[in-house]
Amino acid sequence: MKANRMEAFSDGVLAIIITIMVLEFKVPEGHNWHALFALGPKIVSYIFSFVYVGIYWNNHHHLLHMVRKMNGQLMWLNLLLLFWLSLVPFTTAWMGESRFAATPTALYGMILLFSAVSYRFLHLAILKQHDASFAAAIGNGWKVKLSPLFYLASVGTAYISTWISGFLIVLVAVMWLVPDKRIEHAMGDGG
Amino acid sequence: MKANRMEAFSDGVLAIIITIMVLEFKVPEGHNWHALFALGPKIVSYIFSFVYVGIYWNNHHHLLHMVRKMNGQLMWLNLLLLFWLSLVPFTTAWMGESRFAATPTALYGMILLFSAVSYRFLHLAILKQHDASFAAAIGNGWKVKLSPLFYLASVGTAYISTWISGFLIVLVAVMWLVPDKRIEHAMGDGG
Amino acid sequence: MKANRMEAFSDGVLAIIITIMVLEFKVPEGHNWHALFALGPKIVSYIFSFVYVGIYWNNHHHLLHMVRKMNGQLMWLNLLLLFWLSLVPFTTAWMGESRFAATPTALYGMILLFSAVSYRFLHLAILKQHDASFAAAIGNGWKVKLSPLFYLASVGTAYISTWISGFLIVLVAVMWLVPDKRIEHAMGDGG
Amino acid sequence: MKANRMEAFSDGVLAIIITIMVLEFKVPEGHNWHALFALGPKIVSYIFSFVYVGIYWNNHHHLLHMVRKMNGQLMWLNLLLLFWLSLVPFTTAWMGESRFAATPTALYGMILLFSAVSYRFLHLAILKQHDASFAAAIGNGWKVKLSPLFYLASVGTAYISTWISGFLIVLVAVMWLVPDKRIEHAMGDGG
C-alpha cells in the first residue's frame, strides 16, 4: 500500500513539473508569427524536458512495480530523484532563455546527470530486494548505467559546442524511448 | 493497472492545465468594474479553454475505458496529446491578451487541431485492440474525424475574421457537449 | 467507478486552487516585520479563501457519496462548480491587493455566490436520483438554500461597508463549519 | 474510505507545495556560473523546505494509517496543518531572497513551528481514537513534542545569529530523518 502512495505522490510531482514548465512561456510582445518565433529556443527546450520527464514517469512506473517492501531508504532515494527532477523547469527556462549558451546547457546536462544517478541508486536499492537471478535478468540494465555517462559527456562538451551536448542528450532519449522489453517480460504482464 | 496510472497522471496534468490558466489573470490596476472589464477578452479566452479541457477530460475517460492492454505506444500517444494540451494555457493567454488578433487566434486553433489529431491517433491505436464489429459500432466516430477539419478551417479563417474562427471552434464544443451515446451503450454501463 | 474519477479530478483542481493562491504573496520588499505586515490584507484574504475551498472540498465529498449513477449532466454541473471556484484565487488576490475596496469585495461575494448556486444545481441533480423520502431527509438543506442569499447580500452591502460584506461571508463559513449531521446520519457511516 | 480521500487531497497539496517553490527561481540575468551562484541562498532555502515537506509527507502517511474513524475535527486539523505548510513556499522565497536576514529567518522558523504544533494537535486527536496502551506505545513521541521547542528556539535565536537558527532547524530534520521504528513496529507492517 505504501508503494502506491509513493507512486501517487511521485506522479503528482511529475505531473506538476511537466505542466508548470509552460508558465515560462511569457506572452509574446507582438501579435504575429515573428513574435512567436522568438520563443523558439524556449519551445525546443520545453520539448526536450517534456520528453525526459515523460521517460522518467514511464520508467519510474516499471521500477516501482518491482518494489517488494517499502522502507525509509526507498522513500528518501525517491525524494532525491524528485528533487533533481524538480529543478528541470528552472534549467529548461534558463537554457531556453539563453538560446543554448554553454553554461545553461551544461547545467541542464548536470541536472539530468544527477537525476540519472539518483535513479540508479533507487534502482540498486530495489534490486537488493530480489534474488540474484532476478537481478541478473533485470538489474544490469545497460541503459541505467549508460545514461549518466552520456549526460556527463554532454556537460563537458557544452563548452565546445552545445550542438554536441544536445546530440548526446537526444541519444539518451532515443535509447529510452525503445521500451525495455526485459523488464516487461520478467514481470510477465507485458508492461 | 497501468491504464489506471496513465489515467491518474493524465487527470493530474489536465487538472493543472485547467487551473494554472487562471494565473494569467493579473490583478487589475484599478479597483472598479471598468478595470475588471479590461480583462474581458482574457476571461472569454479562459472560458473557451476551460470547456475544451473539460471535454477532453470527459472523452479521455471514455476512451481509456476501452483500453484492453497498455503498451508503450499508447503511453507515448497519450503523452503527445498531453503535450499539445499543455500548450493551451499559453495560447489562451496570448489570444486573450491580443484581444483575438488574427495570429494568436490562428495559433489557438492550431493547438486545438494538433490536440484533436493526437486524440485521433490514440483513438485508432485503442480501436486496434478490438475486433472489427466493436470498431464498427464505436470507432468511426464522426466527431473524432470532423473536429480536426473544423479546427483546420478555424486556423484559415482567422485571417479573414476571428469571429468566423471563434464560431467554428464553438461549433466543435457544441458537438462534443452532446454526450456520445454510442460509446456509453456499447460499454453497457451508461457512461 | 466514474464518480471516483470525477472525485479525484475535483480534488486535484481544489488542491491546486488552494495552493496557487499562495503564489500571489510576492516577496516583501524589505526584510523586516513592517514589510511583512503590508501583506496583511492579502493574508486575511487568503485565510478566507482557504476556509471556503476547504468547506467546498468537505461538502463536495459528502455530496458525491450520494451519487448513484454518473452521467454527463452531473459531470458538467461539477465542472461549472469548479469553473467558479477556479476564479477564487483571482478574486482573492484582487480583494487583498485593493485592501478590501468595494468592487473587488463585491466580486469576491459574486464568485462565491455563483459557486454556491452551481453547488445547489449539482445538489438538486443528485437528489433527483433518490426517492422523495431520502430527499426530504437530506435534500432541503437550509444551508445550501441559505448560503446564496447571504452571498447576494454581501455583494450588495459591499458598497455600503465591506465590513458588513465580510461579516455576512464569515457567517456562511461559520454555518458550514458545523458539520451537517443529517447527511452523516442518513448515510449511516458517520461521515 | 474518507481517510483515503483526505490522504489523497493532502498528498496533492504537498506535491504542489514542494513543486511550486521552484517557480521562485527566476532565470538568472547572465549566462554563466557567476549568475547562477547569485541564486545560492534561494537554492539552500529550497533544499531545506524540500526536506521538511518530504518529512511531513512521510510522517503524515504514518499518522493517517492510525486513523480509525474520520470526522470533521480531523479534517479541519488536517486543513490547519496544510494551511501552515502552504505558507512554506512564501517564507522559503523571502528567506532566500533576503540571504537569511533575521526577520525572514525568524518567520521561516515560526511557520515551521505552527506546522509542528498543528501536527501535534492532529496527532493527539488521532491518538484519542486508540486505547491507552497503544497511545503509550506510540503517542508520547518525543519527536512530536520536541520539534516545536526547537523551532521556537530557532525563532528567538534568529536575531542573535541566523546560523544558530539554521543549526536548530537542521537538528529537527536530522531527528526526523531517522525513521520512527516504534510506529512501524506497532503497526506491524514495517511500513
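List of remarks:
Lettered A, B, C and D in written order, each chain numbered from 1.
Here is the rule we go by: a contact is a pair of C-beta atoms (placed from the backbone, for glycine too) under 8 Å apart; a residue touches a chain by one contact, two chains touch by 3 or more.
Bear in mind the structure is a predicted one, so any value in this text is a computation, not a measurement.
Averaging Cα atoms per chain gives one point for each, and the point farthest from that of chain B is the centre of D. In the contact between chain B and chain C, the residue numbers used by both copies make up under half of all numbers at that interface.
When the CA atoms of chain A are superposed on chain D, the rotation angle comes to 90 degrees, reported as a multiple of 5. A separation of 27 Å divides the Cα centre of chain A from that of chain B. Centre-to-centre spacing of chain A and chain C amounts to 38 Å, using the average Cα coordinate of each chain. Across the assembly, chain C contributes 8, 12, 16, 20, 23 as residues in contact with two or more other chains. For chain A in complex with chain D, the touching residues are 1-2, 5, 8-9, 12-13, 16-17, 20, 23-24, 69-72, 75-76, 79, 82-83, 86-87, 89-90, 93-94, 97-98, 101-104, 107.
Partner chain D is touched in their complex by these residues of chain C: 7-8, 11-12, 14-16, 18-20, 22-23, 25, 27-28, 31-33, 36, 47, 50, 54, 57-58, 61, 177, 179, 190-191.
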